[in-house]
Each structure stands twice: as C-alpha cells, then as structure tokens.
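Note that chain A is present in both complexes that follow, paired respectively with chain B and with chain C.
Now for the complex of A and B:
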C-alpha cells in the first residue's frame, strides 16, 4: 500500500500540486488548505488507490476552494470517481489529461495511454481514439466501457 | 458468456475479419471450419446465428444447414450464407429457399453489407446484460482477476440487493481493494477486501459510531466515553479507552467486529446504487470477516432483507434456465445447514432435477418466498448456477415466462411497472428506450398460440404505455403524488407505532398486534416493526388454542429480523420471550438478563426476569403445611 505523498509548488497565486500513493482515512487534507490559490494544477498520475473515506475527504477539500482547478494525468481510479461521484470534479474544475487502459487479447498485455485535451479529446467531449500497439506490435483495444468511461467529457 | 454466433468458414482471413467485427459489436463468436464441430456447439450453446460458407471441406454449407434445420428452424436460429464461387442468381435464390437463410453474401463483401444482413440480430445477438454476466461468473471457474474486475466495471446501475452476491464473489476471487458504493443521494460508503477477507466497512452512519456501540454492548458507561472524548489526544477512541484501562483489547475487538457486521448489513438496502472497484494492496488486519462468517451474513440478509418482489423480477430473465451444480457444490457445504435450506430440505434435489427455473417455481410445494430466497442464497454461494438451455423456449416454457411477467405486472401502476422493467432488464432507468427495448427482448418473440398471444399483447401494450409515460416525463407527477402519499403513510405509521408500543407495555397484545400489522402494511420499511410484531404475537398467543401454530410462524418471523436489529435490548428480550414460550427458561433468562444489562431502563426485561425467578421457587403446599410455617412464609421479608 503506497503511502500518501504530496508536494505543493506555489508561484504566487498559481499552485502546482503533485499527489501520489493512497488516499484514505489516514490522509488529513486539513493540512493542505488551498486558501490563497487562484489557479491550481493537480497532477494525479501517481495516485494508486482511493477508498470511500478518501473520496469524501477529497470532495470536502477540493470543494472548499474557489480557485480554477485543472486535473492532469488522471489514472483510471480517479476517472471512475469523476464519473460516479457528484463533487469529485467540482463544477468549475476541468480535466486536462487522463489515462485510458488498453488491452491486447493476443499477448495479454496492458498499457495506459494518456488522452490529452486538444489531441485525443476536445472541450466538446469529442474523441479521437489513437491506435495503440503493444511491444510486439499488436493493435490493442480500449479496456474500458466507452459509454461509461468517457461520460464525464460530455458533462 | 454464452456465444451467440457461429462462423463456419475455411478461409481463416475472412473468418477472422468477420469475427473481429462481430466482437466489436459486443457479440460473442465461435469460429470453425468443420461442420461437425459446429453441430456439437449447437448442442452445448444457445446459437442465435450461423454464418456459413457454401463451399466447405467435406460437406457443402447448404447441405449442412438443411441437415440442422429440423432441429433449429428459422425462428430459432438465423443463417447467413456466403460464397465467392457459387454466385449465380439461381443458385443463390435456391440456397436461400432451401436453408431459409436471411441473406446470401457474395465474397468479397464489405462489413457494411454484413451489418445490413445482421439487421435486427444486432439487437438480439447482444451478449448478456452486465448484471446477467455478473450472476454468470460461477459458470466460468477459470476467470482471471482482470475478467473479475471487468465484470464489476461493466455494471452501470446496481441494486442494493445485488451486493450480497458481489461481496461473496469478490471474497472468493481473493482480489484485494476497495469497493466504493455510491447511493442515489451521493452518499459514499465502501468495503475493503484483502485476499479473501473483508477488513473494513466504511459507512457514514451515526447509529454505528463506536462509542454508541460500546455503551450499548455494556463495555463502557456514558461517563467513561465523555471523559475519554474530552482528553486531548491524536489517538483513536478505542486506543484511548484501552490506554485508560476502561476497556480491554478483547472487548474492543468484539465491538469492532459487531460494528463491521452491523455496517455491512446496513449496506443492503432496497435502492439503486453505483459501484466501482479500486484494486489495491491492502493489509490483512483484524477484525475481519472470512468466508464462513460472510456466508452466514449473506444468508441472514437474504432471509430478512431481500424482498420477494425483487427476487421475482431478478429471476425473470433466468426463467428458462436450468440449475446445475456450481463450483462450490459439496454435500457438506455450510449453506445446506442454514435455516433457509433446513426449512426446504427437498429443494436441492428438486432444483437439480427440474427442466427450468419456471417449472421449479410452478411445481415445487415449497412456499415461493422460501424457494426464491433459498435458490438465491445457493447461487450467491456458488453452490448452484443458472445455465441457459441450448434450445429455444418451448411453447410450455414461453407460457410460463409470459404468465410470470403478467403476474408481476398485475395490479401495478405505471411507475411500479417501469421499476419492474428496470429490475428485469437491468437497463439504466435513466434510459427509458433502452429499458423498453431490452424488456421486449426479454419478453421474447410473439407466441403462435392465440390465447397466449393475447396475454403477450396486453403486456406489450402496458410496457409501451409505461415507456411513453416515462419518456414524456408524465410519470414525474405520479412520482410526486406517491412520494406525498409515502410521507403521509410514514407520519401515520409513526403515530400508530407509538400507540402499539403503549399497548405492548400494558400487555394488551391483541390491540398491539392489530395496530402493528397496519403499520407494517402502511410502511413495510418501518424500523424494527418485525420484532415488535413478534412480541405482540407471542403475547397474544400465550393462552390461545393455536399456540403451536403461532410459535411456528414466529420461528419463520425471526428470520425476517434484519441482522443489524439483533444487537439491542429489544431483540434479546423478544428472543427470550420466544424461548420462554418454547419452554427453554434457561436460555430465556439469559436473554432477559442481557436485555436488562444493555438497557437498564427497559422494564419489560426486568419484569420477565422477576416472573421467571418467582416461577422457579418451590410451590407451597398450603394444605399440608403446619400453620406456623405457612404464616411465617406469608410474612417472610423479601430477600
């Protein structure tokens, strides 16, 4: 179980926050108040796990700021919460990039591909699915239920 | 998942491109170049469509299709023929006639042509619904961890009553991680699994706060809790209590285990929800719920919480399925010694020897509710599994299926019918068109029998009207009215309930029983009514001639008490009353004592203790005693 890690870089009112590990009942977001920030870039690629306590704490924490928040490199577990839990991505927050799992039946290999705003998706929620290949050159298939996984893009 | 399409083609490139295309449409596919193999699959699987090349090694495609048509006529299985050589118009026309094929494709063809030929099959041939796939996991014992995860991910809207199955299957799959559960009002709770154990249950619920449970269980006094809470410490409440020597570590573990079981039980609700599973490394901590304990919990939830209406709708898509031994079947499986199965000792034999679930429901003498609950419990435990029959529904099967739907629709308003359609199809209730389409697929093709066709027509009309009402939003008005009615019923129930409690305390059991039955009818979810009903029934039957019958009823009623309601004084008191009525005064006394210890102000328990104590004193034979002893005993000071 990866311990929770966070680094906050402040440049005036612009904050860049990088998180990793596990978000659960042991994480005290009270220590990382977002007061004073006007623009927050959250880098989430290293988050490995989140449980229900973590989800509730996250909602309280991120919901309390009036800053413009952008989520970057959201792993699948974060995308799942964005799609399912009201307030996990507050109304004023946006997603700049997120990972999509791909799978190849022939080689049983898995890969996460980063979908980026302006490249693989746009602000209208339109998708441009890339051709992803495994190490042996097999074309991989998206390993998610499209209608469910990309739902947040249409919100 | 059961395959629905067979491709018989000896050209590997063509077979592969058709197969990939169909898989992308979500259709399950089997490919072979041998007609013999295709014949054997017809016996094992329910094949909806065959795509057959005309020129095959050993046997012509047309001859092959003709040979199987008697057993699998056109309405049962569609056929698409294809050929690159035999493409003369006369041959094509004649082949279509002889095989009753829906199309003849000239090779090479593009996939758009195939798509057109598939027509309505694309709808019919879809793989099983996500929920059906969930309940089929035990059909495939070789599933990988990834496939298990996929099954959970595919689920869109779930029902709280699906959770027992999910908990058991996640536990038996030994996956570690967090199952996050999101309620319709966006409350988030979660269950944590670690290598086959449940190690944590997170629920936002003040009723199960540790402090409250510690007091209720008699481990600490309210003052102890107050003093510990006022201490300045970063430690959790349990640690603080142990450190202050107010609580033993063993006692703490007992309460934590109770808390976990109560919270788990509180997640089993009659409401729609969403779930996601976050696979993760999780430490194996204590207390934890192992497979045996969880099986016991699942039994109690199914017996007490899962409603028969939900089970009827849940099993509707499986009506034509057979029940076979599952991967966990063994005669000494603990499920067989559970109360539900003890109450239906012939069930397993009947189930395994029936031709379909609908037939079992029709013919078995076991009461429907017990039967459905027992089957559901065995399926959750992986002891039996449902398997679709390879054959198309016979007229008799179709009759049972349609009558079953008709009975469930009977007397329901459009909102209730829509709810049933959602439950039966497990389509998202936010998508009325999907619900309607999937319901029509579930209902099946129109029957040829005239009488049955009329019933079919009526159901279809009800479904169409319901769809129209929901689509246009007209159901919202009805929903509002029903919500108002529900609130009124709750208020009424609450007042009546207080009256009933008054009658119980005055030992007017007949009055209490009548009122409590009204409360139960008005608001079936009213808290703890089943326990109060048992109290009233037992009191009312004390001197009644049918006392034996009432005791049997009460035995069944005890099963309907939700597990989380078994941790308080009231439950122990009522259990004591039941044991006393059965003549087991020793156990009865223990339960009355426990009730009194849990809630010192609960006077009925103290009263019963006094009654039992008095009845245990040796009776005085006043006619044969000497006068001194008799007078002395009458004026003896109470000890």
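Now for the complex of A and C:
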C-alpha cells in the first residue's frame, strides 16, 4: 500500500488533479478544497486501494463541488466503487476512461486494457470489446463479471 | 529473594577503605624506617669513627709532645752516658714526666738499667700502690719480660703498668756500633688523657693494646680485656711483633664493625690505631641507643597511622552507611516488587550513581505499575468484549433454516471478538425478509452499529413495510446513532413464496449473485448481479430516500449474499484471495447445484485453503438461499 499522493494543476477554472496511493481514513481531503473549479479532470491510474473510510471521505469531498468532474484512467478498484457505492461518481460526473482487467487462463498472464470514451465505449453505455492478446498471442478474456463491472455505463 | 550470604557490601567497603591505606602506609613505613636506619647507622659509624680517630690522634700527640719535651735529656744521656743538669732543669714540677730510666738492650734481649732520674721534689718511696715515682718502680718495670718484649719489638710504645692513669713510654734509640741500643722508659702522668677516655657520653671509648687489654677507658672496665666483652675481629689481624713501615707511619687502617657483646647486645664499633706500638682507640655505641631516634620515629609513626586508620574507619563508616542504606532501600524495594507491590518508591536524595539507580528504579516501578494497570484494563476490556461477543451472537439467526419454500445456509466469522457484519432472515406476514449489511471498519464501533441495525430491524419488521421503506427507516436510525461517522452498506430483500418475486433494495452493498438452475454448470456470465437498483449507504445522509426493484425467481434458483470481506481474505504472505478466485470458487461450489449447505461448505473450504489459518483483516459473512417452490413455511 503506497502513501497517498495528490498533484493539483490549476489553469484558471480548469483543474487537473492526479492522485495515487491509498485512500483511507488518514487522507484529509479537507485541505484540497475544490472551490473555484468549474472543470475538474481526475486522473486516478495510480490509486492502489481504497477502504470504506476512504470512500466516506471521497464522497464528502467530490460531492461538495459543483464543477463538471471527469474521471480518467480509473483502475478496477475505482470502477468497483463506482458500481457499488452510490455517490462515488456524482450524478454530474462522467467517466472518460477506465481500465478493464484481462486474464489468460492458459498462460496465467494479466493485462489492464484502457477503455476510452468514444473508442471502446460511448456515452450510451454501448461497448465495443476489443480483442486483447497476451505476449504469446493467446486471446485473453475479461477478468470481471461484465454485468456488474460495466453497470455504471448504463446509468 | 534473600540477602547475599557472603560479606556484606558495607563490610567489603570498610575492609577496602581500611586495609588499603594500612597496607600502603605500612609498606611506606617499612621502607622509610629501613632507609632512615641505614642512614642513621652510617651517621653513627661516621661519628664514632671520628671520635676514635680524634682520641687516637690526641693520644699520639700527647705522648709525642712528652717525648719531645724530654728528648734533650735522652740525647744528653746518649752522648754522655749520664743524666746531667739538663735533666734537672727540664724535669720540673710542671712537667708531666715523673722519671726517666735509661737502659741498654742486651744481645739476649734483656734490658739493663743504666741510669735513672726523677722529677725534682719527688721522694722515692716503696709504698704500694705507688703514688710517687721511685727508682724501684723503674727497676720492676725494666725486669718485666713484657716490657722487654715490647722494647725489642717496637721502636716506640707505651704501657700502663700500674692500673692507674700513669703511662710508661718506651723509646728505643739505636746507637752506633759497637754501642748497644738504648731503651728509655719515661713515666708520665696521663690523667688528662685518661679523663678523655673516661668522659661519659653516648659512646664508650677504650685505649687497648694488641691483646685487647683496656689501658684507658671507663673506670669499671680498665685493666680488663675488651675481647672478653666483644669479639673484636680487627685485633686478630694485628701483627704484634711487626714493626711499623716507617716511624709514626700508618700501620693499621681504621674501621667500623657491628658486633654483639656477651649480653647479645648489638654494638657499633669504630677503631683507629695509635702510633705507639699496636695500640688502638675503640669507640663503642649500643646499636639500640644509636637507633633510638628510629624507634621514636617508628613509635610516632605507628601512633600517627593508628589515628589515620581510626579517622579512615570513621569516615568509611559514615560513607558506607550512606551508600549501603541507599542500596538497602533499593534491595528492600526490589523485594516488595517481587511480591507484586509495584507502588513502592525509593527515596534517595543523592545525585551520584546510586541516586541515578534509585531514579531508574522508581521509573521502572512506575512503568511496571502502569503496565500492570494497562494489563488489568486490557483484561477487563477483553472480558467485556467476550461478553459483547456473546451478546452479538444472539443477533444472528441459526446458520441453517428452511423458511417458506426457501432453504437458507449462512456463514459468519468476525475479524476480532465482535464484528461489523450482520445477516439475518425472518418470516413476516407471509414473506421472507433477507438482511445483510456491513458497517464501515470492524471491531467494537462497527459492532455497535450492527446492534443498532438489528434493534431497528426488529421494530421495522413489525411495521410490515417494503424493503425501500425499511431502508429509509434504518438509514435514519443509523444516522441518528452514528451522526454520519459510521455508515453501513446494506442489502434487504423480501421474497414472496406465493409469487416467487423478490423485491430488493440495495444501500451500496455488494450485489448478490443470482444463479439460475440449469443442466450445465454455471459460468461466469451466468452470474446475475442483483444491481438494478442502488442507493446511498445507510447513515450517510438522513434525508436519503431508497428505491427498490423486483425480480422473479424460479424454483431451483439460488442467490449468494456476501460482504466484501471474502475477496479480501489474505494468506500468511498477505496475498488477497481476489475477486477472480472468489468467482471461480462460487462457480465451482455450485457446478452441480448441490444442496446449499454443501455449496457453502465447498466455498468455505476454498477460501480456507487460501487463508491457511491466517488472521482475518475483515469480517467474513455470506449466506445462500435456494428457492424450492411449492412448499409454504
């Protein structure tokens, strides 16, 4: 579990926030107030874990802003929370891209494939599942329960 | 614990502080006295040697001056063969010479008296003891073989023939051949010289001849033999008849000796030769008297040392008492600690190592006392937790049940004594309510929320409301209890055995998986998450409103309800089981659609195989239902 890290890059009212590490009860989102932002791009690729207390703090933090929030490069743990916890992805927020884990039973290899808005999925929630192969050319299958993992796209 | 059986620290302290100076000062005293004694002996030898040499020189000078005063008379006799008027002129009443006898030394070594002259005013008498000079005295001396022997052996010598201070000097004068050598006997008064030997002092002085006969000395020893009192070694080396190398020359060296007298008393002896015959002046000093100062020094030193030791002893007693009393306090305190009395404190005011030790002891005792209290507090809390665990177990239903046309089988294991997961089922108004929830975190705080949820559910179920309304009420109840600090994910389903419809509402809980019965083993895509509706977690916002949805079930359908603790199960290497293995285990457990108790046992076996009895990080809760159809509870 890595230490929580955050980088906020402000260009006027457009903020780019990059996060990494662990989000738990020790993370004080109160010091990263989003006041003044109108557009926020959250880059979440480096988030390693989040626990129930971290989810509570996240919802308080992200739910307080009126800005248009876009989630980028969401790892599986974030997608799981989006699907399960109402409020983790606020109603006005969208997901621009997210990772989908792939797995090959034969070679035991794993990959995370980035699904991007306009490419592998659209705003209607339609999917265009790519064919993902491992280094040995084996076709990999999605390592998720699709009905559960892509549920948020239908909202 | 008992006191040490060997010497106590105080005794050791005293022994060190007293024996050490005693040994050091004793060694110093021995060395100092030895050096002082050697120096003193050297000084006394030097002093007595000086006295003996001075007396020998005084004797020689005295006698030589007498001979010099009468030498004209002797010359007159050698030239004329008689004592003329010159002798009468020189031998006056003031002269120390009483008479002079002139003798020829015959070839056979005998002395033949040829002339005699006495000092003016002296009347010849034959009284005994003779007190005045008389020709008869000279006659007896001349005929003495002892005198003859001395006259032959020495050119010049002296004898004390009468046992008083009078001395006869023998002066041998060789005459041109064919005349025979002349020997003059000169009787003189030696009172002044004798007084010099008789004078009392630290040293006893003797004028002795070659046989050790005391010619002058302390009155009680005159005419006795010094050799009878003292073994004088230098006399044995003195050749009696050997002539001196030169007239008046040094014949014997002066010297010193240490001997024991007949009373075994050590004496320091110095001797010096007199230039008349084989005469010696001997000075003796008792060694004991000579070293009297050393004895005084020794006595005073011993007294000083005794006082010093006494002072050291007193100081040591005071110092050791201070030291050992502090250590005794510490010893007694440790004994009390050993008896379990940790509130003991040592009162030592010193700022030395012992004081630091006492402070450390007090800190240690305080820390032990604090730890004991914490241990007692922990034991109390553990006891309370066990009680809470017992109470919480009553919140859960029996793990296996047949209710309506549903069979239920569950599993629950908290990560600590009490957990934050809760599951339940009950029969209300012809419907089966299925409850599962997970409070944020685990342990006592989460357990309190589950207790609140259980209490609220008991009230809510009597209200006969649908799942959404039930979660509305439950949300307010939990929010009021936790004030938004602790939340709870929750899934509530209501199954109608008549319609086989399941109405459910989800408060951000893990979506249960519906597995429809088929002829084929279920695959991953056959898992149907019940996620058509989702709502905020309970306790997040008091104003939240909850929605519900409905799904139709069929006989043979089974649903797995679970909390997120199952995929998070970790093995001893801290590796999580993971969602992939969880899904695979679920499919494997239901591959032949066994009775749900068997499916639950298989699922449990799968994660226990990964877990390998490692400690749990989160509570594990899951249960499975199966719709049988037709039967009514």
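What we mean here is this: the second predicted complex is superposed on the first by the 155 of 155 C-alpha atoms of A that agree within 3 Å, B and C clash if a C-alpha of one lies under 4 Å from a C-alpha of the other, contacts with A are read in each partner's own complex, and residues count from 1 in each chain.
Definition applied: a contact is a pair of C-beta atoms (placed from the backbone, for glycine too) under 8 Å apart; a residue touches a chain by one contact, two chains touch by 3 or more.
Worth saying up front: this structure is predicted, and the values here are computed from it rather than measured.
Overlap between chain B and chain C is detected when the two structures are superposed via chain A. By the touch criterion defined above, A:85 reaches both chain B and chain C. Once chain A of one complex is fitted onto chain A of the other, the partner contacts of A:56 extend to both chain B and chain C.
Touched residues of chain A, counted separately for chain B and chain C, are more numerous for B. In the overlay built on the shared chain, the residue A:46 is in contact with neither chain B nor chain C. Of the two partner chains placed around the shared chain by superposition, chain C is the only one that A:151 touches, whereas chain B remains out of contact.
Shared contact residues of chain A with chain B and chain C: 52-53, 55-56, 84-87, 103, 143-145, 148. Remark: chain A residues 52-53, 55-56, 59, 83-87, 103, 143-148, 151 touch chain C in the complex.
Per the touch definition, chain B reaches chain A in the complex via residues 146, 150, 153-154, 156, 177-178, 180-182, 186, 188-190, 192, 200, 202, 204, 274, 276, 278, 280-283. Chain C contributes residues 438, 440-441, 487, 489, 508-511, 513, 524-525, 527-529, 531, 534-537, 540, 579-580, 583 to its touches with chain A in the complex. If you check the complex, the residues on chain A that touch chain B are 1, 22, 25, 48-53, 55-56, 77, 80-81, 84-87, 103, 110, 143-145, 148.
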